Structures are given as structure tokens and as C-alpha cells.
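Here it is: the structure, laid out below.
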Amino acid sequence: MTTQLIILNGGSSSGKSGIIRCLQAVLPDPWLAFGCDSFVEALPAKMRESDAGIAVAEDGGVSVGADFLALEAAWIDGVVATARAGARIIIDEVFLGGAAGQQRWQKALDGLDVLWVGVRCDGAVAAGREIARGDRVQGMAASQAAVVHQGVFYDVQVDTTHTEALACARAIAAHVS
Amino acid sequence: MTTQLIILNGGSSSGKSGIIRCLQAVLPDPWLAFGCDSFVEALPAKMRESDAGIAVAEDGGVSVGADFLALEAAWIDGVVATARAGARIIIDEVFLGGAAGQQRWQKALDGLDVLWVGVRCDGAVAAGREIARGDRVQGMAASQAAVVHQGVFYDVQVDTTHTEALACARAIAAHVS
Amino acid sequence: MTTQLIILNGGSSSGKSGIIRCLQAVLPDPWLAFGCDSFVEALPAKMRESDAGIAVAEDGGVSVGADFLALEAAWIDGVVATARAGARIIIDEVFLGGAAGQQRWQKALDGLDVLWVGVRCDGAVAAGREIARGDRVQGMAASQAAVVHQGVFYDVQVDTTHTEALACARAIAAHVS
Amino acid sequence: MTTQLIILNGGSSSGKSGIIRCLQAVLPDPWLAFGCDSFVEALPAKMRESDAGIAVAEDGGVSVGADFLALEAAWIDGVVATARAGARIIIDEVFLGGAAGQQRWQKALDGLDVLWVGVRCDGAVAAGREIARGDRVQGMAASQAAVVHQGVFYDVQVDTTHTEALACARAIAAHVS
């Protein structure tokens, strides 16, 4: 089988974006990169910070509403269709609800060959990197570090606490067929 | 019929992005916004500025290669699938090849209800706005102003030369069913 | 005399940034561009959204505290020193307190040759452009459109309501000696 | 004495920006952060990529011209004046010419209390982080890693190869008086 989709799941500031850019550099084929951040950018401004959309509390807690989930489900169908049409795709995900997030993808995948990747990072280290980034609400990194992995299964896991993004990308690339 | 997709076509610095943010604000339903810029951001860095990918010459001329066109076709299939799954979508496009660009979409649309929108802007005015933006290669606005519309048909056209983005958005919104 | 400093004052979304990039393009000498936005970016993240720093309310109202004003005064001294050392500088300002904002600069200028520029824009048009930009708190444009000009004197004024940024820049450049 | 200026010098992708945001977070006073990147952003677009300004070659080599150096000298005078007026400042620098870069600052400092900080990173690790950032010309990190430190003296040095930005910031903060 040929890997059609790589889905990375990890908390905020765990280092997924850097790994994905390295994956795009080291994998010989051109892979498209999408993710929850590019999906949120596609939303109307009025849905960011609304009950029906997505809101980030002062403590970094993230909540999403019914409109968000409906649009996200349609977007996932679109990603799957893009992969089925022949584009290889890397997805940057944060399963705020753990296993439930993975199940939303599984319902849509329908036989697609997916590589599931867990991106771990020690919560305190991720919180420090959140300060170093300077553009994130403080608290997201610590609160998401563990819960996003609850009940989620992976084909491969990497840990950015002591490993560089490029080395993580090479470890993941070794599992791409 | 209910409009499922709004596709705006216009040259660089013609004001499409501003109109789209206004459309997302004035339309009562939540509409997702994607476009050629978000597609290019999804590409590997190595495909920007390569023969197989997309390159911008010093005079602002844009050329795309075989890999780009193959991935773009798959991405268009994905947008159509997202719309078919129930999300309403606005697309920001630049048909560098005029009618040929529109045909690439039409082949994929397969019965979807689309509103085709032409966004015009006087070439000299667009070139001035390109200077004011400061982050674009000089020359794209002037060279694209006319050619992107050659042979393309529209349901509605707006002209940003003397009309604000919000007024253009309201004119377009009046055609959304 | 040779103009050493151009200070543009106008409300949010009145179009100052675009005019400044055009000024940098049309003026033959290289001019540096600084402003309240680049100053705010230099602040610690913890001072944005704090009582001692700068906060933006939900209605777009902006308030600044004692630490902000002390650092801003030192920054103004630095801009004046840069100009005195021979660099020509354009400043992007929003005099939230009208004449009081201009006086903070005048106290520091000490004989420097300054061109004072008022950038006007109809409040409703600026509010529409705020929606089109999509990254500003709604309400800033309308609330600032008039008050920032109260009691402020100018050498030249431009109005972006019906005039492009490049044309405004040329009108201002004609007053630079 | 009270530290008035912290000047960090290190190659591209060595991690200076992250350390500076952490310093702003851990230091009790509000410190302003400026640097060569904010200076380059203040330049006219036409000076980026010109012989008189600053140009980045395809291999990541950076060259600066006469206009750049003249404006930079005036900007340094302004930073010193801002510090002398009472604002505490952190500077993000890349001494492309090693000791010569430090001397350009020393000529202007005139008795100011400065903490000189070297930010080291293994060249291969920095090159990997450059890939992970995705927005830098490949080759800058490797070519600058060693040369920017040649002949430069420091009060404190940190190495981001195996140490997080926050820990580096705390080590530097311990030297601030």
C-alpha cells in the first residue's frame, strides 16, 4: 500500500508545524500540508470567538460549537477527496477530545491508507516554548499536552522534548510507504 | 437552488481578499474561504520557486509546472467534495490562463450550484495598490489585470477601481440564493 | 531647510500604512518607517492587554497606562536622535488624545524640521475597510476617525475616502523639501 | 550599575527571538525589544534586494551596502538615546562581520551599561531548525553559525543546541543588574 495521508496529533506548542515542514523537505514526493489552523483561518472572522464557532478562554481552554463541527466534518470529507484524487497530504491536528477526534477522521477515511503519528512533548517544556513563541494564549500548551492523546492509537510516535524536528521527521518518514 | 460555491476571479491586487472577508461578514450563514494563496501555502517550500511547482519572475510573471497542476486538480476535487458535504465555500482565484482556468473548475463541479464573480480593477490603480501593499513583486497587478478575464463568463461582475470592498460584497451577496 | 521627519496622524484603517509604503517608493532618498504599531510590537507580550500597558476593549476602544507612556516617551527621544544622526524618518501615528499626542512629539523635537500630515477618511468608509482587513477589532475605525484630529495642526492633509494611497503619497511628497 | 541594554548576537536560526520573548516574560521590568529584523522592516522595500541596501543570495549569503550602513548607524544612535532616556532595551543582532559589528555598537554606547550575550547553536542543528521554520533562505544558519562570533567578547554565553529558550533566558537574566 502507498501512504495517502499522514495525520499528526499533538498539543499546542508540541512542535507539529516544524516537523511537517521538515517532512515536506525530506519526503521525495510533494506532499500538501493542511490542518486545524488552516481550517480556522478559512472561517469567517465572526465565528472565531463565538459560541457557535471557536473560542479561546483566558486560561487557554479551547471550545468549539455546532457550526464549527458541521463545517469541520465537511472539510474532512474534502481532505479525504483530495487524497483519493491523488494528492498526498499531511494533516496537523489537535484532538482536543482525544479519541473522539480520531473517530471523526476514521468515519470519513473509508479505506484510505493513513499513517497515524503522535507528537508528544513534556508539558513544562511545551509551556516554555509557548512563552518563546509569544503569539499564543498562555496555558494552551500545558492543558493540551496529555489530554489530546487520551485513547488515541498511533502507528508511530515522536517526542520533541529532546529530539529536533528534523530528526522526528526522518523517524516518521521511515514509516511512509 | 441554493448557492454552494462562490468563485471570484481577478488579478493580483484587484481586491478579492477584502471582498471575501466582507462577504463572510455580510452573508448570514458561515462560509469557508479558500483560494490559490491558501493552496500555495500548503505546498512544500521546495515547490515554490521550482520548475515543477510555481515560480514568480522578476517582472511579476507567474509560471506553474506539472506537479502544481496535478496537485491543484486534486485540491479542486476536495473543495467540491467539501461543498457537496454541506459547507458553503468562497474561492479566491486568479485564472492566469483565462478561460482555461475556469474550465479546470467546471470539469470538477458536476452539478454544483456556483456563482461566478469577476473582480475587475483598472490596471494602473491595481499597480498603485501593489506598491501600497509592499509585499508583492511589482508588475503582477498590471500584467494580470486584463488577461485573467479573457474568455471567462460571469454571473456578476464588480469593479474595485471606484467601489469599496464592502459595497462590492453587498452587490455579490444580492446574487446568492 | 531639509525635511527630517514626516509624521502622519490618522485613525485606524484610514490608510496610513499604504501611504507610507508609497512614500518610501516615490521619495528618491531612503526613508525609514516607524510607528505606533512597531513600538507596540517591541513591548513585552505581558504589557499588551494590561492596565499599565495597552489594552483594546471589545468595542475597539484603546487605553494606555503609565508604563506605556514612559516607554513611548523614551522611544520618541530615540526616533528624534535617529533623525538628528542623519536618517530621514516617516512616523505612523494615531493621536488617541488629539492635540495631546502631538504635544508629546513637539516637546522632543527641539528644532527638527517636521512635516505634519493629517490622514483623513470618512468614518463609515474606514469602518468598511476594517471589515475588509479582517484582523482588527471592529469599532476602532469609526471611534477614532474624528477624535484623533481634534486640535491637531497639519502642514498638509490628505483624504483617502476617494483618493488612492499612491496619489496621497505624491501629494505629500510635493511638500517634502 | 543598572543594565540598560542587553545585546544578543548569534547566527540565523540560533534561537535569539525565542530567548528575547522569554527574557521579556521573566524580567520584572518592561524591556523593549528591537533588532536587525525590525530595522530591515523599516527600510523601503526597494532597499531590500539592492546593492546599496541589503541582499540575500541564493546560498543564504547576506550583503549590505553603503546606504544600509549609514541608516543603521543612525538607528543605533537612536537605540542608545532611547536607553539613555530611561527605557530598558534588548537588541537582537547578527554580527555578519564578527568583531566589526560589535565595534559599530561600541562607538555609539558612550558609557551605557551593556550586557553582551553570545547565542551559540551547533551549525547542523541550526540548519535543521531553518528547515523547520520554512521561511528562511536555506544556508544562512550554517554559514553564520561560527563567523558571527569571531573576535566578539561576551559577558555571558548560552547554547541553544541542547538548552530550551526559557532556560537560556533565565541564565541571562541572572546577569542583569
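Should a chain be cited, it is by its letter among A, B, C and D, assigned in written order, with residues numbered from 1 in that chain.
In this text, contacts are C-beta pairs under 8 Å (C-beta built on N, C-alpha and C of every residue); 3 or more make two chains touch, one makes a residue touch a chain.
Computed from a predicted structure; not experimentally measured.
Asker: Over half of interface residue numbers shared between subunit C and subunit D means same, under half means different, so which is it?
Answerer: Same: when the shared numbers are divided by all numbers used, the fraction is over half.
Asker: Give the label of the chain whose average Cα location is farthest from that of subunit A.
Answerer: C
Asker: Indicate the whole-number Å distance between the mean C-alpha point of subunit A and the mean C-alpha point of subunit C.
Answerer: The answer is 39 Å.
Asker: Just give me the whole-number Å value for how far the CA centre of subunit C lies from that of subunit D.
Answerer: So the centre of subunit C lies 27 Å away from the centre of subunit D.
Asker: Between subunit B and subunit C, what is the separation of their C-alpha centroids in Å?
Answerer: Averaging C-alpha atoms per chain gives centres 33 Å apart.
Asker: Among the residues of subunit B, which are close enough to touch at least two other chains?
Answerer: 21, 25, 45, 134
Asker: Tell me, which parts of subunit D touch subunit C in their complex?
Answerer: Those residues of subunit D that touch subunit C are 21, 24-25, 30-34, 38, 41-47, 52-53, 67, 70-71, 73-75, 77-87.
Asker: Would you mind writing out the residues of subunit C in touch with subunit B in their complex?
Answerer: 17-19, 21-22, 25, 125, 128-129, 131-134, 164-167
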